[in-house]
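Below is one structure, written out as structure tokens, with a few remarks after it.
A, B, C, D and E label the chains in the order they appear, each numbered from 1.
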């Protein structure tokens, strides 16, 4: 496999801005092409070197600064932000000894979440979600997590992530995080990502519940768009969450020597969380799908109410107008026209007709 | 795994009232955070110490009172009510030797039902359902059941449960319950929970059947809301019941030495019950889904009836009004107006028109 | 397992009439509680003792009469009718050596079909269906079949069953039935039950086909109720037939020594029959589900036809009435009113208008 | 198993004409009862005796003529047409050494396609389909294929089959057919049956495509019936084709010594064909299901168009008629009636109203 | 298997133009019959002979020219364009040592994608898709790929393919392609085909997104046809992509000695790509299916708006016309007609009626 691991010559790499899958066409497999939008000006490399006693955060100038740190006793967490600069990403990858196909997956932000066990490292791609709320809804960003013998590396698309809680625990030395190996850090990062899935599905559930009354009582055209929007969000969440099940299972099942047995219960707990997220998302999807039906029948109910009342009004007045039309005729011989009480009588007849129809309609429950 | 089992220092625990998943964000895994609503003022610990000959119910003052009982010959059932006080729950857990992740699962009331076989104990989370009826419908509460070598522990959210029948059998010494080991008590508690699922699905079936005539004969807007409500109940029941299948299978399959072979037939019976519950729920869901269709077509049937009758009335009178309009014209030369029998003739013509249309519509089955 | 097999003391059993699942709540598992309706006054026990040469039918006075027959050389078929008298059923079960949970399943008529291989006997619960036709549709009754070393026992809810054909073959000594062991009788009873499933699905298919023309040509409100009724029947049949697959597979797979290898091809044939029944039921369900759609679109087609014709009539007369209204105005200066041919001219104009609209509508295919 | 293979005494067999499943009720399993319609007067037995050098077609007078041929060196293909004469079929079966249940399956034409490996022979039941076109659509006939050590037997319901191509190849000695064993003939017969499935699905696809424009452009009531008809055909094809997958797999997997390894690639090729047929049928079903939706929305689109135009006409004339009504009133003091230009003015007002409404409706895109 | 590999005598092959499956009926299996359309005049055979140092492209005159190249040291890529000339294709196949059934699959362009491991070569059939855009949408062509010990062969229907990028890399010697064995070329060809699936699903996604606003805001009849068209494209893509999963898995799992272990990671990467394509297609299908619902409800929303406004107009004027009709009656005694302010009063009454109705309708939100 030695040859497969030789990265492509760097001059073939295209430093793209907003690039699409089609830019990749025809290039040799393993060529690094950034697929996705360009979010930030420069690549930022942050190294956290830690151990049970101390923790140090270092902003690296470039991939070459990595050299001095990789061989030391301290555990390392390298956080790379900005995937558009494939040259830098590629150099980091080379120094960590990554397979070119792994690097190629990392810079393609349309990746499906998955985990792969390679020799010497574990590779996982996940979607990091944050519920923004408002019109934006769900914010999704691809993160690659790598676990080596004494290091963890994360590659993100843009600044801003969900890892602050982990950084804080690292700094304060809370819990097991500084006392355990890099596999625990790897787990902790995945765990905090999955925790944000919970926040997202909670927000989704709340918005769904808030819609229920609107759907049943006063559906408007905007209601439909809102249901549609929530369904799209739920679909996106499901697409991101489903592959996580297999991802965690792959890490658990393949029993890489990089994962300590003492970390396994934590990973199993993570697996339960993922199953729970999927369970809630599926339930929300079912509820939302029921809402569409409810909306449509609420709407046609309302429409029917309107049409019924309007039609009843028209139906009452059309026969009355006919009666008026009768006595508007100009026949020379129309005895009723001569009657003393003819006019009030017609009023009376019309009142009886209208009243009869109203009673009939009401008794039938038509309005 | 020794380190993994060391619980987090207690000062990190947050005694929450109504807490949500988001309060848990960023805390080390295994930190005890209560997720759910706070239902009662204080935690109540009740210990039932029993054997073939005698049974004793003891209200414990605190976790420390547990110490004197755990080592004895008698079998123990510890019932803890109130999960919001994570400190007390944590102390009880420590004394029973539980893994911090297990305790963390217990106090998170949004848990998905599951069973885990740990060293020295079996852990199961289930949803206890009670059908309240009326507007409330289904009442769901999370219960954690733990089975140790000579003890069973149950952790509930709030006072009031479905275990009274078990307590009564325990007191009266009926059946096998006092003569058998703690695994039989563990089964008996699960069994009584599943029995209440039957009551819930029976209530659901009854309410569904009661709706059938209403749906077919006289659907109103409230009917739809009722169908929708029952579908939500059925969905909730399904979500609670589905994982129970796997739960019982895990206990049966993993063959923990804590479960005596003589208890296996009872667990298999329990499994059959769970399958039956799921079977009925699924059938109810299909029937309810059919009701929505029925409702919609009943409604549009009724609407069509209304519109048809109204439109028939309008359609009959509009041509008649036209005829009346004709003879309301003021042309100087309109011979019919001079005719002796013109007026009765017009009435005759209109009667013939109306009769003809009525016959035509009736023959076509339009009203 | 000796203790598990000790039945509960008889005084705990409740001799119920129409009992529901809720009566069972909180009683020790294995307590015999009849769940279902009470159909007959007394329990009837009929014993058929048979061998290759002779057959004898004996009406037993009570469970105690069984004693003299169980040890003999002859093969036995015990048929118990009436499950409400749990005391008698329990005593029969004890004499046959049944596990209390098995007996508890037998008297609970809401059981899901299943088979269990116990030590010394095989236990199967099935739903016996008969197509009554008319308003009643499907008649379902629970039957428990037990196969012992030299006996078969059947427990039915009420008199009247589908076994007469087997009894006739037994009396006449036709086929293998008297020459083979009790496993063949066990199979023969299951086979005749499954044969009645075929009759039921045939009746269902016929009724479904009979509906097709009605749905396409002249759907009425009753059509929908009929489709709905057939769907419920199909759902009931499916619920009863699906578990039979697994039932037969359990008996085949577990290879109890009670089932002779020479009976296996018959059981495999039975399995094929069950699969075929399920196949037809599923097809019927799909067809019926298509009928609902067809019904709705037929209905809205018909409604559209009605509305279209009515609206065309109204649309033609409204402009004509307008014209008549014009010349009903009382302006002093309206030259047309003075014209010699004004009145016929107006008739002509209106005829042209009506004709034009009719042609336009017809060319557009609107009626 | 020796006893199981003894056929039932022949006097028990009922020579049926158009028989249904219910005629079979209560008879001993393995009794030969013809289920299906009677298609031809007499049973025809044709024997093809072949070898690499020569081929001979012999019309047998009866089952007894078979005796002289079975023991010879030549390979045999026995084709039996007409299943209603169960006596003859039974005698043929006995001479070939078939199990009574196999014979019973052969004469029941409602069989689900399946394959069974018996000792000494392989038994397969398939549905032979032919696309007739026109109103008849799909013609289905049950064929049983049996493969023995040096013979193949086919049992058909009625004259006319899809095997002519095989017979021609046999006569002309084309391909491997005469040079190979009976397993190749068995395969060749299955292959030609599956080839006719392709013709059927091709015809189905063509008819489906032909419907597309009709559905989108000018749907009539007949369109719906046509879609419904094609869906029924597709359902029938799927029911016949699905079990073929398992059938071929059973023959391949069970590795009967009757199937030569050199025939395996042909069977695998056959398997691929079956999968392809199912694939196309499923796609057609999805497309047809989409057509129903399209049809309904096309229809309601068209209906909406009609109603909109009609309602616009009515809506324009109703206010105009009101204006005319105003000046038809007989008040003594109505100054407008005296005006010189009152009448033309009213015309003008009405023209402006009509024009305004027309413009408003058109700008809103209402017609 | 030696005999099975002997191809059928060539004189049996039918050189077809636009041939359908039915032309194949009854011919011996393995007979080469071209099923599909004839796209080009002649078969073109292009041979690329390559090695790490050099590459040579040779246009062959016929299959016989192949002889001199097959035994050499250089690796070969034979590209055959045009499948209608089954004679030439058959001769090429014979020289490569292919099984007649493989050749038969190659010339049948209705093949389902699959891979087969044969002795000495690997055979794969895939659908090559290109998104043309405009009315044409998706262009699909069947390509057969064969991998031998030192050669790769591709058989295409017509000129024009997606392999230009591979040819360019071959010529320029970029990446691993010339340095690796034929298995890498085999992979590279599959990879570039799958890359075009990405382009197709990207185009599909874009078109789907572009429809969303149209569906929600201004749906027309063309919108429905466009949704329908995209659903058909998605269905076609799914049908082509689904079997690719299994295809790659077969190549990976069966571990043919023709596939070097160093190529496995590339194939696994390819597998991930295929899963991703399927994932996106399924999501698009769900979104498009949601669009149909949205379209229908948008449409009925719009229709309701129109009908409501029109009905409100009619409902307001019908009572007014009735009032006008009243005072158009010719009774001799109608005191109001004599009143000085009768006429303006009637106008006032009508204004109040109209205003009241308008306010009532508006308050109810009816227009």
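The working rule: a residue touches a chain if its C-beta (ideal position, glycine included) is under 8 Å from a C-beta of that chain, and two chains touch if they have at least 3 such contacts.
Just so it is clear, the structure is predicted and the values come from calculations on it, not from any experiment.
The minimal number of chain-to-chain contact steps leading from chain B to chain D is 2. With centres defined as mean CA coordinates, chain B is found 27 Å away from chain A.
Chain centres here are Cα means. That of chain C falls 43 Å from that of chain E. Residue positions of chain B touching 2 or more other chains: 300, 307, 311, 314, 318, 321, 325, 328-330, 334. Annotation: chains form a contact ring; the order from chain B, going to chain C first, is B, C, D, E, A. Only residues 1, 3-4, 8, 12, 20-22, 24-31, 99, 101, 104-105, 110-112, 114, 116, 221, 224-225, 228, 231-232, 235, 239, 292, 295-296, 299-300, 303, 306-307, 310-311, 313-314, 317-318, 320-321, 324-325, 327-330, 334, 336-343, 346 of chain C touch chain B when the two sit together in their complex. Note for the complex: chain C touches chain D at residues 164-166, 168-169, 174-177, 179-180, 187-188, 191-192, 195-196, 198-199, 202, 216, 261-262, 265-266, 268-269, 272, 275-276, 279, 283, 286-287, 290, 293-294, 297-298, 300-301, 304, 307-308, 311-312, 314-315, 318-319, 321-322, 325-326, 328-334, 364, 366.
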